[in-house]
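Letters are used for the chains, namely A, B and C, taken in the order the chains are written, and counting of residues starts over at 1 for each.
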């Protein structure tokens, strides 16, 4: 019998999207001086809201507000800062459903992920760093480590609220104030977070949210009043930022791109490896910097594994992000869809064999079906460049040493996966892989207590854990 | 000519690359003078190609050095200290020449340099315990963070403190398993080559430390822009050169240690080590 | 392959391992599927048709079995559109009673056998137990494996017992109970599944219901993977029965989702997937009525048989 799941949409009624949004500066929503822009639902291309754009004067106002707030915020006893962060964490939990729906609407990610992954991690991150605020003297950075000042933070569109949490929670815990710019295509949850700051009674100016495009981000990063720059996004922009802060006193942390190898040995727990591969590259439509976008499979089981993988991909459900049974949501923007298409076309042109799961795509919105390429060589663009979409490149290897060599043969070094039932081989591989996160017999796991960040061109600095404090302390 | 009438046998100061002492491929040299202005030697003036060769040597040495046990690295650094101690008189003389300090002061500086090396030698098997962590994640996972060397690091040594400053910037980079290419003090490069002689005879694998003498402003930007260099210590750069180098370093997102006013006799802290350490976090499920 | 412990071990221990955390997560993720409206209505009826309505108590009597059989044939007397269940499952001494009560109804008679639930008796008794149940009218035999032998590494003994019981069962369908709660690891569940299938099992079944934990979604997931892979390797299709602890409609539907997304739709049929349960049936009926009337149902309106 065929078991069709009826549509099971999460209700949109829990969110109340205003027709237009201003900037959040010094505790107030104010008009922006730039040209307002629209944010759309990528699953339907419907307009969600009009959002203000911050120009240089707005950036200056926000940095000034943050600077003014810094003195008293940094002087506040850690336990008091902690309580603000605990409050924020609680309000996020209370409004989790609303925020999850809002995130899925603006980003296109499946509600199952925004509800079960993003939002729980967002709240957990604030809880985690709240606890550090009054224990910084025990963190191994000296008896009384000082905050840096004003943090200018620029975040991407793939995990809008989670990236905000990764940036704001440690910054505030350490006593910094922040000016944060969410991505142009996903500003809504950051603006909802601004409301949460108000609900939490956070002093004005401690958190400022500026919406806008790349120019706003550049103005923020380059503002002389910013003491710390934190950026998550493409390596290309990360390079520009690293260049622009050269010769200044600004401290920088960068979380950039990746082209992670997910390495499957012939003795792996195959069913879990298949799940790990799926989770590695099709989680969040592959819009994940640490996505396992290169599958390195031992040649002796390549055929068996690929059959299992294709069968599994056939069960992925693509469609309405708000449907609770959706596994693959919408691509975040037309621009990103075009990039994915162009790279996959190059994959075909370069001679790799394309396989696409047969799933109908909705008429409106931005969609790309789960796709894998076999017969991929290290030299192909799809094996070297970050696609940032639901596209897996499959390569084979013969020996552990060859797997390591291929895995490390990239300018990136964010993450890697290893699948084998042999403990000593896992540890050997983990030792040899030049990547900041190694997932062994699992993939794409995140936790506020666990440091995250890359080697080489995947950026510098770590977010999460005790290590994540260093980025926001004068050490 | 000495008072006995015997003509001294002078040393030719060459580069130190891959454990060998080549001349600059460019054939160039430059005059090194004492702080009083007297001629000391013609030092090799390394070219960008020498810098390139040095990076190749450092890269080649990286797997072995980073894969050595921390205990072994510590032993080797301690051995370097032993050998320096044996050459104390030579180093003192070179520091007197270079910095114009009294023999007594120079002796203090050389002693401090030896002690600094001993201090760092002891860190080899301890820094990992300080920088690593078993992370208590909310799930059935073993989660461990460990510190690993960044890779090949370019080190622009400070112009002053030709021995203590040099040891203070090189030791923290290599003790953790990085390999390095050092641009020695342009004005006072001679102690660096004497140090190279110590390194060459103290069990340190060839290529772990490579030393270039020459013009800092000429060499540093090439290393800063080199795509196979993972980090750069700009301690010896003036502000303009530091900015240029940091901009160049952005091309492959090098880890950058910016120049800062430093008292070389003070406790160095961990910063020089941690800047060139990566944190690797490994997850594994816990289940039966 | 079945010639010795060594060859069986070589094969079964050569199967891919199961990572417990990963398997738990996969089952949990599938447990978040939201089955609503028309899909839920279909799923409820499918689940009813897959129920092995079970009573396995020391206090079982002919009266109790007859009442249960009536319920099996017509679960909701007021609602003729409710499908009948797949089978009733009883102890061997009550097979004759069940067979006469169900005669001509299409509901199968399943009998536990082989010294259920512990199986701690001789092979002669086990085969006799089986043959007598079949002679009394059992269509299906639910045997238990010798978990002690399995854990002691005597895989050939387990294998040979299944072969012998299969032979004693004749045309009756053989369900092999692994008692996964006593096998402890998921690796063992996978190995025992393959062992049973290689020995000729028509169905592999999670549990007796007498040991905790009984059926769990991850254990069932692993067994569904095993039947899926076994068909791919041999062409023969084997059924799966989840038994014990499945009490609510929500749980039952989670199992159907597991079947659908693991073994596939071919198994979404009472011939290939069963749910061993007793109280589950009334919850399915209550949910069914809620869907039909829009009102929440009450237990007083459903028979307790």
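As a convention for this text, a contact is a pair of C-beta atoms (placed from the backbone, for glycine too) under 8 Å apart; a residue touches a chain by one contact, two chains touch by 3 or more.
Note that the structure is predicted; figures quoted are calculated from it, not measured.
S.K.: A-B versus A-C: which interface comes out with more C-beta contact pairs?
M.R.: Spelling it out, more C-beta pairs touch across A-B than across the other pair.
S.K.: What chain lies farthest away from chain B once each centre is taken as the mean of the Cα atoms?
M.R.: Farthest by centroid: C.
S.K.: If you average the Cα atoms of chain B and of chain C to get two centres, how far apart are those centres in Å?
M.R.: Measuring from centre to centre gives 70 Å for this pair.
S.K.: Could you put a whole-Å number on the gap between the CA centroids of chain A and chain B?
M.R.: Between these chains, centre-to-centre, one finds 37 Å.
S.K.: Between chain A and chain C, what is the separation of their C-alpha centroids in Å?
M.R.: Chain centres of chain A and chain C, defined by C-alpha means, are spaced 44 Å apart.
S.K.: Which residues belonging to chain A are in contact with no fewer than two other chains?
M.R.: If we look for residues of chain A contacting two or more partner chains, we find 441-442.
S.K.: Two or more other chains in contact with one residue: find those residues in chain B.
M.R.: Those would be 141, 285.
S.K.: Pull out every residue in chain C that's touching 2 or more other chains.
M.R.: In chain C, 19, 21-22 touch at least two other chains.
S.K.: If you look only at chain C, which of its residues touch chain A in the complex?
M.R.: Going through chain C, the ones touching chain A are 16-19, 21-23, 25-26, 32-40, 42-43, 46, 222, 225, 256-257, 260-261, 265, 268-269.
S.K.: Using the touch rule from the top, collect the residues of chain A that touch chain C in their complex.
M.R.: By the definition above, chain A touches chain C via 1-8, 112, 116, 267-272, 275-276, 315, 324-325, 421, 441-442.
S.K.: Note which residues of chain B are touching chain A in the complex, please.
M.R.: Per the stated touch rule, the residues are 130, 133, 135-139, 141, 143, 145, 150-151, 230, 239, 242-244, 246-247, 249-253, 255, 271, 278-285.
S.K.: Given the complex with chain B, which residues does chain C contribute to the contact?
M.R.: Residue positions touching the partner: 19-22, 24, 184-185.
S.K.: Which residues of chain A touch chain B in the complex?
M.R.: Contact set of chain A toward chain B: 124, 140, 235, 238-240, 242-243, 245-247, 254, 256, 411, 426, 430, 434-442, 445, 447, 449-453, 455-460, 462, 465-467, 475.
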